[in-house]
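One structure is given below, encoded as structure tokens.
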Amino acid sequence: MQLSRDLLKKAYRDMATIRAFEERVHQEFTKGAIPGFVHLYAGEEASAVGVCLHLRPDDYIASTHRGHGHSIAKGCDVAGMMAELFGRENGLCGGKGGSMHIADLDRGMLGANGIVGGGPPLVVGAALTAKTLGRDGVAVCFTGDGGSNQGTTFEAMNMAVVLKVPAIFVFENNGYGEGTGHRYAAGNPDIAGRAAGFGLPAVRVSGDNFFAVHEAAGEAVARARAGQGPSVIEVDTVRFFGHHAGDAQLYRGKDEVKRLREERDCLKNFRKSVTEAALLTPAELAEIDAEVATVIDDAVKTASAGAVPAETELFTDVYASY
Amino acid sequence: MPLKSTRQAINEALAQEMRRDPRVIVIGEDVSGGAGTDGQRDAYGGVLGVTKGLIGQFGDQRVIDTPITESAIMGAAAGAAVTGLRPVAELMFCDFLGVCFDQLLNQVAKFRYMFGGKVNTPLVVRTMIGAGRGAAAQHSQSLYQLFTAVPGLKVVVPSNAYDAKGLLIQAIRDDDPVIFCEHKLIYDLKTEVPDEAYRIAFGEANIVRDGDDVTVVALARMVHFAEAAATTLASEGIECEIIDPRTTSPLDVDTIVESVERTGRLVIVDESTPRCGVAADISAIVAEQAFGALKAPIRRVTAPHTPVPFAPNLEKLYIPDAARIAAAVRETHGFRK
Amino acid sequence: MTGASLTAITMPQWGLTMTEGKVVGWLKKPDQPLTEGEELLEIETTKITNVVEAPVGGTLKRIVAEAGATLPVGALLAVIGPAGASPADVDSFVRNFRVVEPAKEAVGAQAETLTREIEAGGRRLRVLETGEGGIPVVLVHGFGADLGSWMFVQPSLARGRRTVALDLPGHGGSTKDVGSGDRKTMTVVLAGALEALGIGRAHLVGHSLGGAIAASLAIARPASVASLTLIASAGLGAEINRSFIEGFVRAERRKEVAELLGVLIHDPGAVSRRMVEDVLRYKRLDGVPEALAAIAAAWFADGRQAVDLRAEIAALDIPIQAIWGETDRVIPASHAKSLPKSAAVHVLAGTGHMPHMERAGEVSQLIDRVALRET
């Protein structure tokens, strides 16, 4: 299916924003401006954007500890995200959640999650709500190859089939569950094949190719909206950074990251595809890059200027009513 | 005697016990790391390096990396423990307890009782506790109160390297399931640690400091903050007796009660949340057993009843510090009925 | 009166790691007369609280360090002098006093470098050596103790000659392999230690079990022993405090250990938390309970001393002295009487089973005198 130029620009803008955000976060983290842990998504952009381009504001997504990409693709405010990472009161969660817990339910983002396998059951619930309230909304769960082995993931897939809810399970297989290779951790490394055994349609696509992801996601979303139940998409992708910023990555092969950035960069591939097919010009892409750079710069400025949360915030929001 | 960090002390305890007893195995997520990759094996040696080097000494059949599947890990460790192995399973962050609580709550803790005393479950679960690294709500809790509440589990909370090694060796040799709680922020603290193996008995508190005015019971990292507070208070003429229980289950009630019978005043410092916490538990026990000796209400210095916040300034407020401890001691010391 | 007749009382060096001490309280007031050996003040260190005795007779002319003061080793605490010494002279003495103390780092480093390991009779032992020259004094501790028990006497003995304190097998930093732990094994180890240390002839000083082992070596190799000092020694009678021995082997907890240490000395209140902690840490080591049990079985089975050295000691032709505490609750002081008449016997009042810690000054002097006679 041919995407419109506007949609192509949006796709590129979103992916470029994610890439620039993560690269900048890495710098800021190394400078010491960001406390705690961050888990960077650079390299996986086609997965988040290829899927989220099909989603409406009232559709939901759940994510993992590696959630910046999904948040941006779902429309979360970039400056608010950066401020959250900096721990400031103008952050998306008032500085109280941090990188691993970025959420914005108004945009249908159920939150990054520090618990591996925490997302899938939540998404079954969100999908159940859509079905119960008679909306044609869908709920998408992004999980890693590490999370694909969690019990909660299996339970959620089974339940989604049993309750026939509009859920989509996207497994971003970047080959590593923290520091352990997927081929060690999964007895059957074919995530899509294993998922199909639960009774739902499952495909594998390459995360190096935005269009492949977008097409598969389109089918899954349409299936769900039409009331035909859940699906699985396994995205074969790569992450350019470590499990967390500061990871020595001793589990990588020699020059592996260098090679991945050269050979498996979904942004590079996208640029090549659209310019070769004369869908967008290099100048237009460069313009988007420049705009994105400004957005990221502004985000860091906003974050740095943000005040730390008031001390009283420690005690608020534990309950809705006290 | 050599100075060693808590990290080294724990690593040494594991290595010495694994050498002594071939049934001891280490199992968990990235306890080595690098399996099934083109990179190095032992890429991590534990996410904070505590189990580094073990796979080199003992091989991948005794130092076992697992998928990310807490329920299966704890369940498998439980099954192995009752059938002849002595597993040391790692629950990377105690916060992940939620994913596998059934294994520990309903299986491991209850086997011996339910089966009429006919089985031992010599399992050790090593797990990280504690806030102060900006790891936010799901990676910073100190959940030993939940473990302590479960009959059948023993719970160890060391505050320093010397105790950590001796308590872990005891835990591995103990035939009961032991939850061994390692505070992330004491991994780098060093004390004198013997090269030889040694055991520290459970239910034996350490009196860190003698004093006659106020008894201060503190756990894990809070022991160090209590010591700092005590130094300040000494210059004001208030002498604290600092007690480090070392284990919350079994708990050395006698040492605490004897101290309170002498001082009449008690402050308990616990980084966990206040409701149904270890501080509340100790308060109730002391109120029951030493009521007549009390000259002031028992004070608890704990985290607030909230999740752990991310923002560093809020996280700092969350964690009890020496100033808060000193303030509580002054109030207790100055209380007159 | 010149300042030459004024004597400085300084912070003592108890143990090579001690860098400072706290004045707990003065037992005499200014202008009170003093006799040599009289108790003067109490000093607390991290390891122990102990009493400093007046080294000379006279009058306590000036107290310089008040109760509660913490001062480094060698600091001036008080001045003793003749009753007629003028305040101006005392002022001048105090003003001109210079502390002679090694740097803190050097002391600690000294202690570390002075302990080393030797191979003795096939077993690895830890030893602490200090001082040089003369006929060496070799110090052998008792059951459950270690070379640290000589901390109050070794430094002053070392001023006159080479001194070596060793950890017996099963104790301190030595191997925990004691074999059967019996008389023969221990004697072989002690003999091997002297050989490894290149010591042909030594003044042997032994406490409790260590006394019996020292005496056993003197019996086996009289030529290698210049003198024998037996402090509250085993091997001189049947009686032994059975509950102490059995309790010590069994003790795992602080309370148990604190109680046992209270049996060891005349004043149970002087047992410091640090002492208890040191013993606890030792008891926890792998192999220690087994080693102690083996030794107890070999030497003190059924609450009686299995080894009787009286006849063999009587046949020895070397200077022997015994030092005992009058209120020794572990091995009765009456055992001293079983030594031959040629032996010098000193029973110290108000002292328990650990004279070398409770009355360190006196014990030092007694050993020193014997050692000086036989240089």
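In order of appearance the chains are A, B and C, and numbering begins at 1 in each one.
Criterion: a contact is a pair of C-beta atoms (placed from the backbone, for glycine too) under 8 Å apart; a residue touches a chain by one contact, two chains touch by 3 or more.
None of these values were measured; they are calculated from a predicted model.
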{"item": "Chain whose average C-alpha position is farthest from subunit C's own", "value": "A"}
{"item": "Chain occupying the most central position, where position means C-alpha average", "value": "B"}
{"item": "Where subunit B and subunit C are represented by their mean Cα positions, the distance between them in whole Å", "value": "40"}
{"item": "Centre-of-Cα separation between subunit C and subunit A, whole angstrom", "value": "72"}
{"item": "Separation of mean Cα positions, subunit B and subunit A [Å, integer]", "value": "36"}
{"item": "Per-residue overlap in subunit A, given as positions that touch at least 2 other chains", "value": "none"}
{"item": "In the complex with subunit B, residue positions of subunit C that touch it", "value": "176, 252-255, 273, 281, 284-287"}
{"item": "Complex contacts: residues of subunit B adjacent to subunit C", "value": "162, 166, 194, 196-201, 204, 207, 210, 254-255"}
{"item": "Residue ranges of subunit B touching subunit A (in the complex, touch as defined)", "value": "29-30, 33-40, 42-44, 47, 65-69, 71-72, 95-96, 98-99, 133-139, 304-307, 309-314, 317-318"}
{"item": "Complex contact set, residues of subunit A against subunit B", "value": "35-37, 84, 87-89, 93, 95-101, 113-117, 146-147, 149-152, 175-186, 248-254, 256, 308-309, 311, 313-315, 318"}
